[in-house]
Structures are given as structure tokens and as C-alpha cells.
Amino acid sequence: MVRIGVYGATGYTGFELLRLLRRHPRTELVFATSESAAGQTLADLYPVPWEVPLVHPEEADPAQADVVFLCLPHGASAPTAVRALEAGIRVIDLSADFRLATPEAYARWYGLEHPAPTWLPQAVYGLTELYREQIAGARLVANPGCYPTGTLLGLAPLLQAGLVADGPIIVDAKSGVSGAGRRPRPTTHFVAVHENLAPYSVGRVHRHVGEMEQEVAKLAGTPYPILFTPHLLPVSRGILSSLYVPLRDPLDTAAAHALYAQAYKKEPFVWVLPPGQTATLAHAVGTNRCVLSLHPLPEVGHLLVITALDNLVKGAAGQALQNLNVMAGLPETMGLEA
Amino acid sequence: MVRIGVYGATGYTGFELLRLLRRHPRTELVFATSESAAGQTLADLYPVPWEVPLVHPEEADPAQADVVFLCLPHGASAPTAVRALEAGIRVIDLSADFRLATPEAYARWYGLEHPAPTWLPQAVYGLTELYREQIAGARLVANPGCYPTGTLLGLAPLLQAGLVADGPIIVDAKSGVSGAGRRPRPTTHFVAVHENLAPYSVGRVHRHVGEMEQEVAKLAGTPYPILFTPHLLPVSRGILSSLYVPLRDPLDTAAAHALYAQAYKKEPFVWVLPPGQTATLAHAVGTNRCVLSLHPLPEVGHLLVITALDNLVKGAAGQALQNLNVMAGLPETMGLEA
Amino acid sequence: MVRIGVYGATGYTGFELLRLLRRHPRTELVFATSESAAGQTLADLYPVPWEVPLVHPEEADPAQADVVFLCLPHGASAPTAVRALEAGIRVIDLSADFRLATPEAYARWYGLEHPAPTWLPQAVYGLTELYREQIAGARLVANPGCYPTGTLLGLAPLLQAGLVADGPIIVDAKSGVSGAGRRPRPTTHFVAVHENLAPYSVGRVHRHVGEMEQEVAKLAGTPYPILFTPHLLPVSRGILSSLYVPLRDPLDTAAAHALYAQAYKKEPFVWVLPPGQTATLAHAVGTNRCVLSLHPLPEVGHLLVITALDNLVKGAAGQALQNLNVMAGLPETMGLEA
Amino acid sequence: MVRIGVYGATGYTGFELLRLLRRHPRTELVFATSESAAGQTLADLYPVPWEVPLVHPEEADPAQADVVFLCLPHGASAPTAVRALEAGIRVIDLSADFRLATPEAYARWYGLEHPAPTWLPQAVYGLTELYREQIAGARLVANPGCYPTGTLLGLAPLLQAGLVADGPIIVDAKSGVSGAGRRPRPTTHFVAVHENLAPYSVGRVHRHVGEMEQEVAKLAGTPYPILFTPHLLPVSRGILSSLYVPLRDPLDTAAAHALYAQAYKKEPFVWVLPPGQTATLAHAVGTNRCVLSLHPLPEVGHLLVITALDNLVKGAAGQALQNLNVMAGLPETMGLEA
């Protein structure tokens, strides 16, 4: 059994992780922390009968665990990561603290001095399908953001093959409200969301632009600007993104599907739909799958890729558990099949 | 033109009132107040192009108005009412401060010493269809609660005719989320509400029970206990209630419809559906109508009345404007026809 | 392995059953039928990657299975049941065809002559918690309706203890749209449902009234009339019901909870919430649990029981699988734990 | 009074038009037709108390009206238009039958031989803000499609100024379900739509691509390809579109706003949001406004325009009534102010 500690168990991501861990046959939860709800149990906060005790993070000893998951806000996560890492415990960080490669990038996109820059070189970007080998041996995994996960899986085959032309890659993304976190805000009030669709952080200002552009450049060997329009969608879960990719040479349907089939043929959690089908949220919500559909538009020199995932599963807790399986040498799909 | 002041213009009720007043041809808005947003305009808070300036309530002079509407929390409303009343200005109070007839009842249901008990005898309960004449001459109108409006219009013909048997009257009510107010709370977070249905304040504890029992006793000349189960419904607006009424003698369909037709034959805003039809939220939302459908169950000695209204219109701002029309001698439907 | 055949695999209930069976470690699907989609696979109809072949029901041989589930419309289900039963195959029928004890009751509530009256005496009513022993040995299980499941689990302890007074038991129930079936109708169009709440089949006319009254009489040893108000709720799944039960003698909180705790202490799928908590849809959706909360109102001689379940799981496919586990001697929670 | 006939009164568009006409002070409804509901009234079909009689279209005499509105399916609309036009009656056609300029384009996009090609040269494209003068004198107005209305108002200032660079204009659009019509289909079933987001007719296949490209070419004097991704959104009403426009020369915020302010300074129904604000569905739903927000991205050579409207109002019935006002010499905002 792999002994697990979870920091920040009461947000949507932490709760989803605990839900998944309950079904995982080879892990054992040794602690779950909450600053605001220490002393309570999960059943006090969510409509579930799980009497999981919540301890204050200062009372949790990371050394009791083999691996700790950090479901904490950025800025708060890094110090906890350091404490665990220095105790020799492996860390899967679901915050943004170790996703950007340099303190400068972190300062630019998050407006903070990085709390633990010396650990940045150790961090492996936890997009399992792309960095599986490095993750297997990593001490510190930076679990990707929800938007970047779908975008990068949708773009990777094109970028790696050097097919993308100049000009911005346009990402028009729509996210369920759980992506905005559990703290009540005017923007997540039911009345504000229902019967509405609200773009936000439009253009090149959302923090995930930095993460996406960094990873796109790594995959392509050259930078591409991303034009990113996230929207708040009146659903609880899921992200669906349209990726408008200008191509150096037109791809037809057969070529596009061959490229993606080759790239993802062994991937249990990437589902490339057959030609003629279109990805929807319903293909992905409640699963750890990233679903892709390909829409070649050779007459205008573009490939449109539509990608869907569950922001709390493949976009957060599910991918984190997938990474744990990789790190622990377990079957990658364990506990994630449903 | 009737000069209008609105206190508390930025909550859902205040905003709805301003929306209705814009279409009312014989009123003129002289001020709209907000404590938290003074100095801003309505267009800063809501997605509308209405540059209505918001002033701090202490800077609003009630004497500039002929009538003021109070869309303030209970407890905060009464002192503002007194200020206006003492300046000779008529008041329509949408809070609960003047709905209960005695300071004792107020203390029991609201847990506060009444802020202005000497004004209680002046207050007229503003359920227009039942107290039209008193409202016409009132200085102080206590606009009814959203749940009581539908319940009382649904029960009044039976109570006034002395038809209700002993035993509790059961009211199973479902309300849209705007009824919970605009302040973000965990219970109004989109993720908490969507795909959910949540009863709350079940039994005889919701504050509107006191208001309903008071008014039921007035209508019947004798008290009846009410068993009240409100629910939070995943819609933005509307209240639909099932009223299970035990009868002294069974009523059949013809008799039930004759009774209600007689009671409401001249009412522009009470819509009694024909036999065989059932009230739904969609019959009422966006209008000032209270919709009723009658379901006689003589074999079990009950009449089931289903009642629907828009909690922000007939359940709050619309009825307040209806009362203004009555007070100002204007056609009762003015500005409310849509 | 228990070999399973599923008739009617493409409706919501059939699909949910296939989804559950995929996670069940001791069953093997030998066929799944569809009249309209024979020759296709499940992936052609639902956004899932499950290439389960669909065969025409006439091409399915029940004798290949140990147990067949019937997810067919009433009237169509009984002949298929007979075919399997005569081949010696055990049947779990999710339709209404074998729920009512007599052909007369069936004719009254379903307007049809019963297609297989000689099999009615063999049928066991499949409310697992109440008829577990008979189910274990049954050849033919009549899986309960979605509304009756919650209502009967909510009422059973009171009825069995003889505590219910005369007068109707009032059941105010709210169901998600999947309960109305997958066939598109004007009443299930998104625009008709969203931002609406619509009661239907109000009073004593819904077919489940017959089923509920039959079972209530069995549990109490004496008949009680039920006054039933179902509503269509703008959610996909779940039923929440308020049961207003008049009592011979008042029950206080401690006594009510003691009664239910005793009744359900060993039940893995009945969750009685502690005093002070209220059942919501979110407690139940996605699980096989029936959730109960108790709200004693001794001052008006009633106990209010609020009950929630997932209409497709505990209200249909989940309970069917629970019954299979009982029939096959497997742990009752197998495949249903999540 | 302008005498009005409405063909096809019972679909969502026809019903919305009747709703708007009720508030219009200078029109008189002389007939409303329905093939399927002839002999019934509007109150039989919708939850409203409007006893508007519905006649069979063959019993409606267009000559009783001054103007007829056609809310009919494409293909069926043209013959009705011809009948009215030949009687000398002016026609506002809300179908697609007269939007495309040539029979060839109609055949390509709608797969039908045009039913009345000789009338095509008479048709004026009814985007009021762009063709107001021609509309004023038109006998036949082709009311624009819902998607084109928002797209064209969002693009027109750029196109007319010759600022758009080569390369496709990308339109990522999201529509509420009323846009799919009132006939129940699997794709509009509540369960299929709720908690989902589904792109459809992706790329360059949706019929509105033809209409948009025709009008874009007229405005720019040169053709541009459009890459169009419509989505079905889980709301009842509204369209929000992201328009990604490549520019010949970068525009900064001041220049972009100056351009649009100039273009729309006198338009009552185009609302250009100030810099820093973002258009949402909530800005537009329930109104006849088209709302625009401008997001210059000079570093990648694009202007992102976000546009929102109510598909049934400015996208259909509201714009049709706006056109009627223009044709009849009435104030353009009459009946549309709310």
C-alpha cells in the first residue's frame, strides 16, 4: 500500500482526490488536512457519509506518508512542498507553484516572488502522456493546470511534428464553475452563472497562458503565441476547448487522424474520436479521459481540434492519481477506470 | 409624476424594482441608495446600460420623494422607515419589519427587539388583493414576504369561507435562488445548487411561518398551524408551492372553481387556471401574476392548491409597485402589464 | 461469473445498468438488446467508448444467460419475461409488469389486460431492504418504481410499527428529467424544463400511487390513501420527496431516530441522516443510497420524512443489481460501493 | 395602426414575435396562423393567458394585413411570401428563403431549388443597422439569421474600414437551445443538453456560413473565408460569439474603440462596452441589444470582438419588429425599449 497524505482536502480538487482515492485499491490515506475545517470530518462539509477526519496542516507529519498531494493555493503550496521534500517524501503539487520553469516566469504570471526557487529544477511537469518517464522517477511533480492539459494534448502531435505555421494559436475554452473554486464569490453565485455565459481574462492575461506557451515551446522547439479566451459556463464540471491551429501545409482528414492515432495509440486516457464525430463535454465529464476530435479545414489552412476533459479529474485530481500510479509503479489506470 | 426614492437599490429586489420603475410611465426616480456601492452607478453592478447614480443612504433626503421603497434587510429597514414617515413621506417597506402585528411576534421570529414598535399599528399588510382599500390610504405598507404571497392567495377563498378543517395546512414550497439574496454564500454557489434540490428551515422554523399563520388567522377568524417545507430550487426565479388543505366538507371540481372564480374574478394579477390544468413556474416567471390551479381530492377530504409566482415580482418588487399604484390612485396594472 | 442478458439496453435505465455492470467484478454480459438500434453499438448512441454490440431482441437467446434484466416498457416486458422464465432463466424486471399483485390492479392502473397473469404469484417485489429473503430465492423479481422506492423506505418503519394515523399520507415528490425517459417529447425539451418546475399527474392518478398503496397496505396491515404530487425538476437525475405522515401519537426527535436507526442499522444503502441534517438530492445522486432525514413535528402530530435517491440507480438499475447480488449469493454491495 | 399578420405563430420565433407585438402600441394583430394548432389558441400551447386564436394558413388572407411576418421553415416560407407580395402586402421573412442573393447560393447551402427566384432581387437583407434606408422602402425584407446578426455587427466597422487581413475570420459561437427550434429531438432533450456543451456543424458546413460570407464580402468589397464553430449551450436563450479577426495593421484599445464608437454612435440597439469590460450573455438576453466588447491584441495582430445577443429578439423577432418600425415610419425603438 502506498501511504498518502493530502494537504488541502476540502476544496473541490482535494475532495475529488479523496473520492478517487477511496476507490483506489493500493493506497491508504494517512492524513487529510484543512486549515478552516480542522477537527471536522469530510461528512461535515460535503453530502457524503465519509467520516474522514481533517487535521490542521501543522499537525500533519508528511513523513507518515510515502507521497503527499498538495491541493493548496499557489504561493501556499511551495512551502508545504519543501517541508515534505526535505523529509524525503515525494510530492505531487496540484497548485501552479512548480509549473513554470523559472522564478522570473512565476513572478510575471503570478505576481509573487517564487517561495522555493531552488526546487524548480527538480520539478517535472506532470502531463502524464508527454512526460511519463520523468514522472516515474520524480521527487516533485507539478500537476498541470486544467486548461493546459486539454490544450497541450490537443496540440502536441502537431507541435512535435513541426506542422504549425506562424501566427497565434487560438484557444477558445469554456469551463464549468468548479474550476473557479469553492469559495463563494459574486461571479460564482448561481444567479450570476445560470442562463449566462461569461468570458473572462480574455486575450493573453490568464495565468495559464504562461504555462501553455512554455510547454508549447518545449514541444515545438520554438515559441508560438497563444490567444486564449476562457469562459465561465453554466455547468458544474468540464472544459471544452476549440483549438484553431494554422498549419504550414494543409492536413486532410486521413492525415490528421493518422497523426493523432499514432501519437496516442497506447494512451488509455486519450480518446481520439473517429472522423465525423465531435467532442462534447459529455464524452469526458466524470472520467479521466481527454477527448479529442479533429476537424481539418485545408481550404483555409487550419486544423480545428476540439478537446474535452473533466477539469477536476483529468484536469486535476485524476491526472494527479495517474501520476501517482506512474511514480509508484502501479498500473497507470488503477482506480481511474470508471 | 410620483417622485420615488429607493433605499437598497442594488440587491435583487431593489434592482428588480428599478427595472420595473423604468417602464412605469407615471413615476420619476429621485434617488436610489446603496451603502456598499455609493458613488457608482447601476451599470457598474449589473449588465445593463443604465447609468443610475447610487447615493449613500445618509445623503438621500426622503423629503425629495413622495413615496420611498425600502429594499433593506430586516432590522435596518425600520429606522429608515421612521425617518421617512416622520418627514411625512409614505413608505412601502419590502423588508419584514412591519409585517408582524406585534413586537412580541417580531422578537420571536426575528430574534430582535422591534426597532419602531409605535409605528406597527400604522402598518398595512400589503397583499394587494386582500387589503386594497386599506393600502390606498396607508402611510406605511408592509409588503408581504415572497412565500406568504403565494400561500395566502392560494388559501384565502377557503379560509374566508370557513371551509378548512382542523389539522395543519401543509405548504411544500420551492424557490429559485434569487430568493436567497445576492450576497455569495456556500449555499448559493452554482456548484452547490445545480443538479441539486435542497430543503431548508423545514417544519415550523422558517420566519415566514409566523407571517403566514398571522394572516391565515386573520382571514379565517381562527388560527391554523402551518407545516412549511421550503426548498432551494436550481432556477434563478420563481416560487411554486403545493398547499395541502384539509376541508370540513369535500369540494368537487365545480365547487372549488366556482369559489375561486368568485373570489378573484376582478383581479388582474391572479390567474386561476381552468380545471385540468396545473400551475408551473413558467406560468408566472417574469410577470406580476400569481397563478393558481385547483386539484380537489374529495375522496381524501383535501383540496390541493398549486400556486406559482415570480418571487422578485409578485413576491416583492412587482407587488410593491402594484401597491404604489393603489396608493397613488393610478391604474393598478400600470407598468406591470407585461 | 454470472452470465447476464439485458433487454432494452439503450434507454436511460438500460444504459445505467450496463454502466454499473462494467464495474461489477462477478458478472459477464452475454447480450444486450435494442429494437431500434440493433446492429449498432452503445458507442453509437451514447458519448462513451464502449463498443458493446446491440442485438435485436428476437436474436437474443435468454438461455445463454443465468439472469436477464428487462429494461422494457410495461406491456412489452411481460412476454419477454415469460420467454426467459419458461427457459428456466431468472428474471429481474425493471418495468411495472409484475409489481401489482393482481391483474385487476394492473388493468386499473395501466389500462391493459395483464399479459401474463399466471406468473404474477411468482413475482417478488424487489425492494431489497424489505424483501431480501424472498428475493434471494426468486425466479422473478419485480424491481420497484423509482418513486415508490424512496417513499416506501421512508415510510416502512412507521407503518410496520403501526404508528400512522388515519388520513392521507401526503407525498410531494420532485424528479429529474431522466425519469421521463429518453424519447424526446415537448415536456422534456430543454427549453420547457429549464428555469421551470412542473407538477404533473397530480393527486391520485399517477400509476405509482397504485404500487405505493399496495405496498403500504402490506407493510401496515391496513390500507392508507396516498396523496401524491410528482414534479418535473430541472435536473437530470434524482428524486427528492417530502413524506407528510400523520401519527397516532407524537414522536419526538429521539424516538424517531431510534426507530429508524433500528430499522436500518444493517442496511448499506439506507443512510439516515443525524438529527438536524436535511436530505438533499446531492446526498444521493450517483450512488445506490436512499437518504432519509427525519423532521418530527409533534405539535402538529406529524413526522415529516425527506427522502432522496438517484432514480436511475437505487430507483432502477442499482437496485436491480443489488437484487442480482442477493439472488446470486454475492455480497450485496458488490459493484455498487462508489 | 399597422395591421399585422403572422404566419407560423407557434414556434419559438413566432411566439416571441407575438409577445413583442402585444407591447407595441401601434400595431394590431389581424391573424396568427398555425398548421398544427389551427383552431386552438396560444394559451393552449404556451403557459400564458393570451387567447389569441390560431387559424390555418390557408384560411388567413394576407390582404387583411399591411405587413405579414413569416416565421416558417425555409422552403415553406417563400410560397407564402409570394402569395402576400402578389397581393401587394409587404413581407418580413424570418426564414432563410430570401437571405442569399442567388438561387445558386440557396441551392448550395439549403439543398433546394429556390421556390421563388424572381423575387430574390427585391429582397433587402434586414440587418437594420446596415441597411436601414433600403429597409424603409422594401416590399420584402429577409430578416437575418441569428448567428449572422451578431457576427456581422461585430465585424462591420473593421470590414468597412478595410482593416481585415487575409486568413480566415474565426467565429466561435455558442447558442442557447431555443435556437434549435421547438420540435423535440434527441439533441434538445434536457438530459442531453444539461451539464453538456456540444459543438455541431463545425468548420464551414453550417448554413449560416454562406450568409455570413456573402454579407462580409459586401461590407468589405472582397471575400473572406469564415471558420465557424457553433455550440449548443445549456441555456434557453442567447448567442455569445468570439470573433478572431486578423488585422492588416494592429489596432490599440483607443483606436478600436474610436472606430466602433463612430460606427454605432447613433444606434439604439448596439451597445459597445467601455474598455476593460467583457460582453456576456446576461448583457443581452431579454433585450433587442447586440452587445460588443473589443479586445485588441496588437502583439499578435488580432482584434478579438465578443458579441452577445438574444437569438429570439435581436437575432429574430426583435429585429423583425425593428424592421417593421423602419418600414412603417415609426420610431425604431417602439415596443422594443425594455
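Every chain is named by a letter (A, B, C and D) in the order it is written, and numbering of its residues begins at 1.
Everything that follows uses one rule, which is that a contact is a pair of C-beta atoms (placed from the backbone, for glycine too) under 8 Å apart; a residue touches a chain by one contact, two chains touch by 3 or more.
Everything quoted here is computed from the prediction, not taken from an experiment.
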item	value
Centroid-based (C-alpha) most distant chain relative to chain C	D
Pair joined by more contacting C-beta pairs (A-B or A-D)	A-D
Repeat of interface A-C, chosen from C-D, B-C or B-D - more than half of residue-number contact pairs shared	B-D
Whole-Å separation of chain centres (CA-atom averages), chain B against chain D	38
Interchain centroid distance [CA atoms averaged], chain A/chain B, Å	46
Rounded Å distance between chain A and chain D, as computed from the means of their C-alpha atoms	39
Chain A: positions in contact with at least two other chains	192, 194-195, 234-236, 280, 282
Residue numbers on chain A that touch chain C, as the complex places them	23, 47-49, 194-195, 271, 280, 282-283, 289, 337-338
Contact footprint of chain D on chain C as seen in their complex	12, 177-178, 182, 184-186, 188-195, 234-236
Chain C - residues contacting chain B, complex	167-168, 170, 172, 174, 192, 194-200, 202-204, 225, 227, 229, 231, 233-238, 240, 242, 244, 246, 278-282, 285, 295, 297, 299-302, 304, 306
